[in-house]
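Each of the next two complexes has chain A plus one more chain, namely chain B in the first and chain C in the second.
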Partner chain A sequence: MKPRPSAVLAPMALFLAAFFYAPFIVLAYQSLQTPGGRGVTLENYLTVFRDPAYFKVVLSSLAIAGETTLATLALALPAAYYIARMSGPREGPILLALLLTPFWVDVLLRSFALKSIIYTLGMREGYAAMMVGMVYEYLPIMFLPIYASMLRIPESAVAAARVLGATPRDVTLRVVLPLTLPGIVAGSALVLLMSMTEFVVPALLGGTKGFTVGSLIYYLFLSGGLWGVGAALAVLLTAALTVAAFLLARRAGGELAW
Partner chain B sequence: MPGVEVIAEGVVKTYSGGTTALRGVDLEAPRGRITTLLGPSGCGKTTLLKVIAGLERPDRGRILFDGRDVTGLPPERRNVGFVFQDLALFPHLNVFENVAFGLRVRRLPDPEVRRRVRWALELVGLDPGEYGSRRVNQLSGGQQQRVALARALVVEPSVLLLDEPFAHLDYKIKQRLLLELKRIQRETGATVVYVTHDQNEAMSVSHRIAVMRDGLVVQVGDPVEVYERPANSFVASFFGEANILPGEGGFIVVRPESVRLLGPGEDGVDYRLAGVVDDVVFQGPLVYVYVRVNGSTVRAALPRGAPTPSVGDRVVVGWSRRDARVVAE
Partner chain C sequence: MVEAGRRLARLYTYALIAALYAPIVVMAAYSFDDSKFFGVWGGFTARWYRLLAHDPQAWEALRNSVAVAVASALISTALALPAALSTRKVDRDLASLLTYPPVIMPEITEAVALMIMFLKLGFPLGVVSVVIGHTAFNVAYAYVALTPAGSSGARLAMAARTLGAGPLEAFLRVAVPVSMPGIVAALALTFMMSFTDFTKTLFTKGPGFVTLPILIWNRARRPGLSPYTSQPAIAALSTVLVAMSIAVAFTFTLYQARRQPGRGGA
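Moving on to the complex of A and B:
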């Protein structure tokens, strides 16, 4: 017998309702308030769209997220290929453990540790230091879906390609990579969406250079006292990410699951 | 595409786990013929197929294609066709591109690719216009089977290797595909090595049968030869049905259809044994009578319509000398 849908969905729905959706409604209400809290206005939203400074931060966030995505992809793809398709039965799990262990440490602790490493190396906070921190944080999120996709490629598909005349290089380009595409798309989308709103790493390692939408919202609320504009920005960002998540989920449910 | 003659010489293969899959196999697969490797699972038949394809490297021994030693060649340079048990179609490519794969990696020009893919799809009975653009996971099992066959044939392989390709199909579809495989082999003149554990499949397709057991080829011959003169009791019971009775010098092998039920005073046999009917089983064209004789059971296959005894009847079974074969083991 199948359990009732409401029973299955309820635990998570209640949790999210209490800690995300209800606060989000408060936030949305906040975004429509005039500074004195005396009336309803769209002024906060208009500010976000009118002031080019906000748009610049969104663009720079996109750039940081895009670079993080490309960098993690470049590191994760060959590593996943090796562990999933080339390593021996004893070697694989060891490599996987060695690769993933550094990421079990909390991002805050890791960023502080990275800060002292960067100082030891003679570097200071700035764009480069922040990118090191970003890649460090998002590497496993890129790696795991790619690795999972590669593991699922049947050995016989590779053997079939070889017998049909494909060199190892042909096999990689014509069989392994196309069949890894779902993992690449999933990993890239996750890293892109998550890193756009990253706040900890830019704050600790970015110095004056690293500034994401996440950082901006933080400062609007806590330093700038501009709660209304901060709330409006947060609502807009959430809306954009929701659309992106929906598109991703729809793709993942259909085409991606070859 | 006339195929090559494939010879395996003293092939030994031990896997890294320590299991020995092949213990010195000699095999000759004649050009333009279907040779079947028949044996129970674990006998090494699939490993031998992979060694021929270059997917496994033998520890010892050689593989020759028309006398040329290909043992050191990687699979992509052997020009073989291989149909895998799980088919291994490429899920990211449509039917046309699956079949075209071997031509694409050979960098053939587009018009030639199109021409040959069309030829291969028509050869296996799939309409290129209707099926070419379909995704492979939208096809039925039998259709996927045809795509796998077309993909292997399109490169005009020196030898076509088939690893239990029809194992998962319904009986009727399997019978039809076996007939089509024979037709395709006749039309193309391909050398085929066909792996199966199913004696009926082996009987229907083979020009030549190699019966394998525990990493060795125990007997090679054409189907009639192997059926009529099995080398030992294993071959006798694995290829066709057999009564195997202890006798002088080893065992006596008698096929059920050679066993006669004798009426009183009836003669014309060299051996006769008295017994009691244990069971009578109707099997379409034949009726099997199980007769208990001195602690063993003798099976007689009678044509339908012949007088049949009932369970519990005392009967005499017999056979002539030329239908009985004595084997040492």
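Moving on to the complex of A and C:
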């Protein structure tokens, strides 16, 4: 007989069921409703892909997300390498904590802080300022899975390569980097999908440039009143993230990203 | 050659970390700037903080933020504590499965979904809906902060039971004191997350309810004539919130990083 979960889980599980999981069912239902509300329809989903005004936002948001992914990957890799495999036993935890701490500061506060430095550099709101903001916001999300992958590489793999005549360069490029690939894939998938939902950074730093799917959802719900299309967009992003997170968790051997 | 590469990597890492904190330091500096705009230094002043101290809207927002954060911290920690005290594998697996999505799901989708549900149910948006919204993600963070200390507390309580302690005695005199570092961490973390939360609040607050981050958002988007909406005045308010976030988050992430090499905070 399979062991059953105990009742101690009930308070947390019931609260999450009612106020985290149930809302997503309501959201999915809403995405199948038209303003008139006559039965179930796929119209909202078709609108997202057919209406050029919406689809253009999806494409430009994908471009912003792609650039954010590449930039955070390039910045995170060397730092993850240093902290995971080269830092001292006292230095490592402090550097890790310093790098992850800004992640806990709300995006609104970080975007506003970034505005001060952008003005100091003589720049103003616009595409470039927004991209700096996106990279600032998503760097830790890229860093963490890469760091975790690098930390898991057994010392024996590196030692074996050295004994067999690999140079330090070979070790980095042909042992460590390939073994970090799961972390790179996980970080890239998370940053790509999460940055599409970002609306605070474009609103505070983008000026008139830069409009993401997140910005679109924000306007459809808080100023437009077009709930159906907004719900369809939110469902598509939620589904993509759920699938990605599930696949990544399975690849990591059932171990979740944190 | 190897040593040179290591030094370069270290230099890069330190520079990257410095760059992460630079905006915060610069913003804090401008909160003492006598000019009204970022990028222009008009000399040192504390007048923006004095302005803040006499700002009735900021005081109202502070009261609301404290009320929401205290309620959400207490409720989420209380909901997560029993689960975190379980030592059974089946419980831990189910709990981590349940608490993973609230951490990974982008806030805006979660917030929009909750807003629709409240409006469909005819539930009035305001302080209660905001507390519920915050607790829905906070409970996951509370669970993560509670688990390590919680499970050792539970194991020692079982030992106390075999040595003759009653169930209530084992819980109150062993499990709770041993779990205390986890309880404190959970309360501090959830209070901070709720106190500085913007997105979830924006969608679940309804008209008229203002917290400190909402006030910052309203003012940052209409920079202009009133002294309250000038950039250094907003910077003063933001600096206070950022300082609090960093103090709590750094303590927590360092504790996590030291306890379990290989695992960061987040």
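Structural remarks
Keep this in mind: the second predicted complex is superposed on the first by the 178 of 258 C-alpha atoms of A that agree within 3 Å, B and C clash if a C-alpha of one lies under 4 Å from a C-alpha of the other, contacts with A are read in each partner's own complex, and residues count from 1 in each chain.
The rule is short, and it goes like this: a contact is a pair of C-beta atoms (placed from the backbone, for glycine too) under 8 Å apart; a residue touches a chain by one contact, two chains touch by 3 or more.
Predicted model, so just to flag it, every value in this text is computed and none were measured.
In the superposition on chain A, A:Y136 contacts chain C only, with no contact to chain B.
In the superposed pair of complexes, A:L237 makes contact with chain C only, with no contact to chain B. Using the contact criterion defined above for the overlaid structures, shared-chain residue A:L179 touches chain B, although it does not reach chain C.
When both complexes are overlaid on chain A, the residue A:L32 reaches neither chain B nor chain C.
Counted by residues of chain A touched, the larger count belongs to C, out of chain B and chain C.
In the superposition on chain A, A:A166 makes contact with chain B only, while chain C stays out of contact range. Legend: residue contacts after superposition of the two complexes on their common chain; A:P78 is shown touching chain C, with no touch to chain B. Shared contact residues of chain A with chain B and chain C: 258.
For chain C in complex with chain A, the residues that touch the partner chain are 1-2, 5-6, 9-10, 12-13, 16-17, 20-24, 26-27, 29-30, 37-39, 78-80, 82-83, 85-86, 88-91, 94-96, 98-110, 112-117, 120, 132-133, 135-137, 139-140, 143-144, 192-193, 196-199, 202-203, 213, 216-217, 220-221, 231, 234-235, 238, 241-242, 245-246, 248-250, 252-254, 256-258, 261-266. In the complex of the two chains, the chain B residues touching chain A come out as 53-55, 74-76, 78-82, 84-93, 101-102, 104-106, 137, 151-152, 155.
The residues of chain A lying in touch with chain B in their complex are 154, 156-157, 159-167, 170, 174-175, 178-179, 181, 258. Those residues of chain A that touch chain C in the shared complex are 2-6, 8-13, 15-16, 19-24, 26-27, 30, 75, 78-79, 81-83, 86-87, 92-110, 112-117, 119-120, 122, 136, 139-141, 144, 147-148, 151-152, 168, 190, 193-194, 197-200, 203-204, 214, 217-218, 221-222, 227, 230-231, 234, 237-238, 241-242, 245, 249, 256-258.
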